[in-house]
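The following pair of complexes shares a single chain, subunit A, combined with subunit B in the former and subunit C in the latter.
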Partner chain A sequence: MRNNASTRVGTVIGAILILIWCLLPVAWIISLSFKSQTAITNGSPGFFPADGDGAGWQNYQDVLANDQFRRAIFNSIGISLIATLLSVIIATLAAYAIARLDFPGKKLVLTMALAIAMFPVVSLVGPLFDMWRTIGLYDTWPGLIIPYMSFTLPLAIWTLSAFFREIPWELEQAAQVDGATSWQAFRKVIVPLAAPGVFTAAILTFFFAWNDFVFGISLTSTERARPIPAALSFFVGADPFNRPASLLAAGAVVSTIPIIIIVLIFQRKIVAGLTSGAVKG
Partner chain B sequence: MSSTYIATAGEEDTKVKKGPKKGKPESERSKAENTLGRNLVLPAIIVMLLVTAFPMLRALYLSLFSYSLTAPEDREFVGLSNYVTALSDPLFWRDTGVTVLYMVVTVAVELVIGFIFAMVMHRVIFARGIIRTSILIPYGIITVVSGFAWQFAFSYQNGFVNSWIPGLDTTFNWFAESTPAIVAIMVSEIWKTTPFMSLLLLAGLAQVSEDMIEAAKVDGATWWQRLWKVILPNMRAAIMVAVLFRALDAYRIFDNIFVMTAGAVGTESISFLTYRQTIEQFQLGIGSALSVLLFLSVLLIAYLIVKLFKVDLAAARQEG
Partner chain C sequence: MASIEMKNIVKKYGDGFPAVNNVSIDVADGEFVILVGPSGCGKSTLLRMIVGLEDITSGEMVIGEKKVNDLAPRDRNLAMVFQNYALYPHLTVYENIAFPLRLAGTDGKELDEKVRSASKTLELDEHLDRKPGNLSGGQRQRVAMGRAIVRDADAFLFDEPLSNLDAKLRGQMRSEISRLQKKLGITTVYVTHDQTEAMTLGDRVAVLKRGFLQQLASPRELYTNPGNLFVAGFIGSPPMNFLPATVKGNSVKLPFGTVEIPEDKAKKASRKKKDLLIAGIRPEHFEDASVVDPSKKGSTFRAQVDVVEWLGNEAYAYIPFEAPPEVQKQLEQLERDLDGESLRTQLVVSLDGASMVKEGDDAEIWVDTSKMHLFDPETGENLTIDLDNAGEIPNHDEAGVVEAQEAV
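Right, the complex of A and B next:
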């Protein structure tokens, strides 16, 4: 497209708007986390920490000293990582079959995955709540890991099969002709080609599990398995209109740090994964 | 895992050596391929059905009973009366209306803003990495955190929104009445999910051929005409996918409502109503009926969007 002056100005303004859109609320929650708790109780309108006499790191110290919060972070990391690992392994097998093999029922799997991706999660928590209590999965790690797997598999399968379809599998053959064993051909040729796709699927799965709230509040009752989003919402009791905002903000910032780190390191892979899974399908 | 790979890799050897897939396969090899394919997708199917189909059937079954966890031994078959109760309750229709409102407004706003963002990201030459990184932050942030951030931002006690909007009373309470509370919830929802929309649209935009746009330009089409007659019709697949995904996601809105208002002042969605009945009040019978109704309405919306989009696009093309 030709770069005339007005287009260029428009693009620059647009880019700035995107940055403000994305970062302003993040800056706000960070700013809020530095307001003092007494200022919050008395009311301290304003964007900057100085509007609520800056509390320094006090809120962070309080949050990190809170046992429930630490336990919730631990639960979230453990549950999300295990769910991601299992989901990606199962999805890799399925996506390989879908991308490489001809068998009846292939379309069915993809359709089923799509249908499940659109499933209203809340309509399942009632029966799951009942079932999990009967078989003893209520308020346990597996009780959350299993639903997370079911709901991340569709995305993982779509993303991975889109990736696998693009891999030039003949290269494996070529390596074998050149004298590599089939294990070497697989490890040195196919694994490096498939790794980015697997990785992307893993990141998207992890995001889902880390973000989940409905299962987190419905299928847990104590800090044994309660993940971080649920813990944040229970942090201060039921009254949604009077919360220790700055303390909660500090907790929110801590729980966002892993996501920010992942985004910073893997930006390209995430964008590629989100778009390939959904559009190329 | 590695042993599976060796086996599959070996399987591939024979297949590729014998030529392309579509050429008449020997029955034994194609049978082996069928078995392998089925075995590889089986774990995925089992896990997916375990937590969706099975509980859904269970919900269908439980919805025919009067069943409360506070008095489980009083379970009693009542036929369709739970559905009658739900469908004749004005609360159900009110919540459905509110949910549709959330869906329509957020998806419409996100489509417009998301498209603008996608255009900018498509054209921008400088700072590409920074922009794409920051657009992923709202996408990655926990919805609960987004809800808190916006609830506090709108709060008249500790927020900044009131003082930033000119002409608004600084003591205005956004969460005291239905309309402003719904607006606040929508803002959080839109903020968090527009990036996802814009990335899907960006992928669609990348598939529109530059030559075609250039040709339209040479033929004297204005910027507006190029947008409506060339760019948008050519990315209809991407738009359709984005709208479908987001609409169904928005219809399930729950997290933001839970965090920001807990369903008070008429902000409750149909998901929230279902949750309240089953998890908070232990009414599994009526809760299951609501679950089934929620599921059916999602199906209906998916169907309507697919239908509507086809009609719409055909009409648009006839115009051009």
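Right, the complex of A and C next:
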């Protein structure tokens, strides 16, 4: 028993250490976001705002009242969701084909997908900038959606094809014998069973799109399409020589909220063992 | 309801390997036909060609007067039960059974009635709201059958439906399937590797070996008049005994002595003019001579009993013997075809439970020679077959020739 108890204490201490390591910066950002601008300029080392340094919800109100910021949030949510949706749909279809069909060049598709994933993002920014300017995609939503999609597709395809491969083929055949067209069998049997994979791919894609900075800052010039990470870096208060750190902190906190919500929603769908009971195991 | 006609069906895979070779089987409307054979004999492939999950390389598949070679599975209106059930794990039992109806566009009330009547037939009422993952093997099996019977399908196809169940449940489900089929009177094709299932369920049984149809006949005909060595060895448990035999006139020389056979059998056997034949005698056609009514016809011989397995109602006695190399080779090949391992050549004799024969005894064994079959050791063909009561044996003579060529 004693041994058991000490193991548990050890686990808890370990967990706390890891949590501190991971969450301290987040906690500090939150702390900063509640301090007033003057307190930060004057130097306010405490975690909790000192007397008279606290700003209450003022920073948040200011950030949310800021048109530029609101627009960036809107851009980010829109671009990330569309990119995620498209990427997941295309990846689902592609992965299904790869898992189920035998077609020439199947290996090539998979290798190409990996090769794309290995490309450093930065190396593509220059060419993309030129191309987008010529085509007219520069500083538009599609101008960001397309690169986000292409960079998340490989991972999504690989994840999903692994999921599809685990679904017994008999299920689909059973559905076809039961009177389903290939498309009905796919939609009513295969996709529901691959849901955990679909949502895993969706989360990963959304993360990538939401957190991206390089494309966001290089392929946009105005608030028409500028996403949050880029917008935050352009966020300048009244005094250009004095960056509004507490406002930025509040903005950063606000911009993490959607991603937390999305993860909580999607995570619920990622249930293991969904296929149990389909066939004799 | 419909009949299923297979005309010279051939299935060749991409590498040119013929999985099914020129098989023709007619399944009459309402008939229960079993496809049986050891693994790799093409029985499942044949079934999957009926349902449309495999392409047909050549030949014609006719279901209810309609050629279906190029129809998709969903256009053939057949119901299939898969070996591993293939239930939809994300749907409840109710929805699993309702799935084919929903696809067909059946609506609310009618759908509910049909699903409930199917679940009642299969005693699944209390499980309707559960997911397949929480069901036992037998319940899953019943759900899979429910999904098949809920539709008005033209025929049922079963692909080894009982092979995943334990022995007791298998027996119960076997009678359940038989009852259901009789009740619904629906054309059924059933694939199995288990000869007990084949014998008990089928109106007619098609025995397949390496893609070739060996014999298509009723269970009784298969048992009493096997067309060749393979069918003889496959049907029956314990299997038929095969002994080297030399026929001279009406007497047959077996390793244990010489016995007399009826004249008509002797005549049939001599038509190939071969010295050495293989005699096939089922275990139950032997008996301990001391318990046999002396008025019964037959011959007796003496042999040393090696092992006795007493089961109460009967006893199996094992008597080893030596076989000449030609016969030995053929018997080894037969064992390989039957998925078995060639062990020692021994005679299995089924004795009456009252028999007092013990291990090591030098017993006097009686044999009913009128039930003896004589096979050509090269082609495996049954020379003493009663062709009128043997169902269909495709190219009875040629079959042997083909095999002989294969062996080269």
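Convention: the second predicted complex is superposed on the first by the 224 of 281 C-alpha atoms of A that agree within 3 Å, B and C clash if a C-alpha of one lies under 4 Å from a C-alpha of the other, contacts with A are read in each partner's own complex, and residues count from 1 in each chain.
Going forward, contacts are C-beta pairs under 8 Å (C-beta built on N, C-alpha and C of every residue); 3 or more make two chains touch, one makes a residue touch a chain.
Here the structure is a predicted model, which means the values were calculated and not measured.
Of the two partner chains, neither subunit B nor subunit C is touched by A:W141. With both structures placed on the common chain, the touch criterion links A:L193 to subunit C but leaves subunit B unconnected.
In the superposed model, A:V109 lies in contact with subunit B only, and not with subunit C. In the superposition on chain A, contact of A:A180 is made with subunit C only, not with subunit B. With both structures placed on the common chain, the touch criterion links A:F234 to neither subunit B nor subunit C. Looking at the shared chain after the overlay, A:Y96 reaches subunit B, while subunit C stays out of its contact range.
After overlaying the two complexes on the shared chain, residue contacts for A:E170 are found with subunit B and with subunit C alike. Looking at the superposition, the partner that touches the larger set of subunit A residues, subunit B or subunit C, turns out to be B.
Comparing the two interfaces of subunit A, the one with subunit B and the one with subunit C have residues 170, 173, 176, 274-276, 278-279 in common. Touching subunit C in their complex are the following residues of subunit A: 168, 170-171, 173-181, 184, 188-189, 192-193, 273-280. Put simply, subunit A touches subunit B in their complex at residues 1-2, 7, 11, 14-15, 17-19, 21-23, 25-26, 28-29, 32, 35, 40, 43-47, 52, 89-91, 93-94, 96-98, 100-106, 109, 112-113, 116-131, 146-147, 149-151, 153-154, 157, 169-170, 172-173, 176, 182-183, 185-186, 190, 207, 210-211, 213-214, 217-218, 228-229, 232-233, 238, 240-241, 245, 248-249, 252, 255-256, 259-260, 262-264, 267-268, 270-271, 274-276, 278-279, 281.
Taken in their complex, subunit B has these residues touching subunit A: 1, 4-6, 8-10, 12-13, 16-17, 21, 25, 30, 33-34, 36-38, 40-41, 43-45, 47-52, 55-56, 58-59, 62, 69, 116-117, 119-121, 123-124, 126-127, 129-146, 148-153, 155-160, 162-164, 170, 175, 191, 194-196, 199-200, 202-204, 207, 210, 213-214, 217, 237-238, 241-242, 244-245, 248, 251-252, 254-255, 258-262, 264, 271-272, 274-275, 277-279, 284, 287-288, 290-292, 294-295, 298, 302. In the complex of the two chains, the subunit C residues touching subunit A come out as 51-53, 72-74, 78-80, 82, 84-90, 99-100, 103-104, 131-135, 137, 140, 147, 151, 164.
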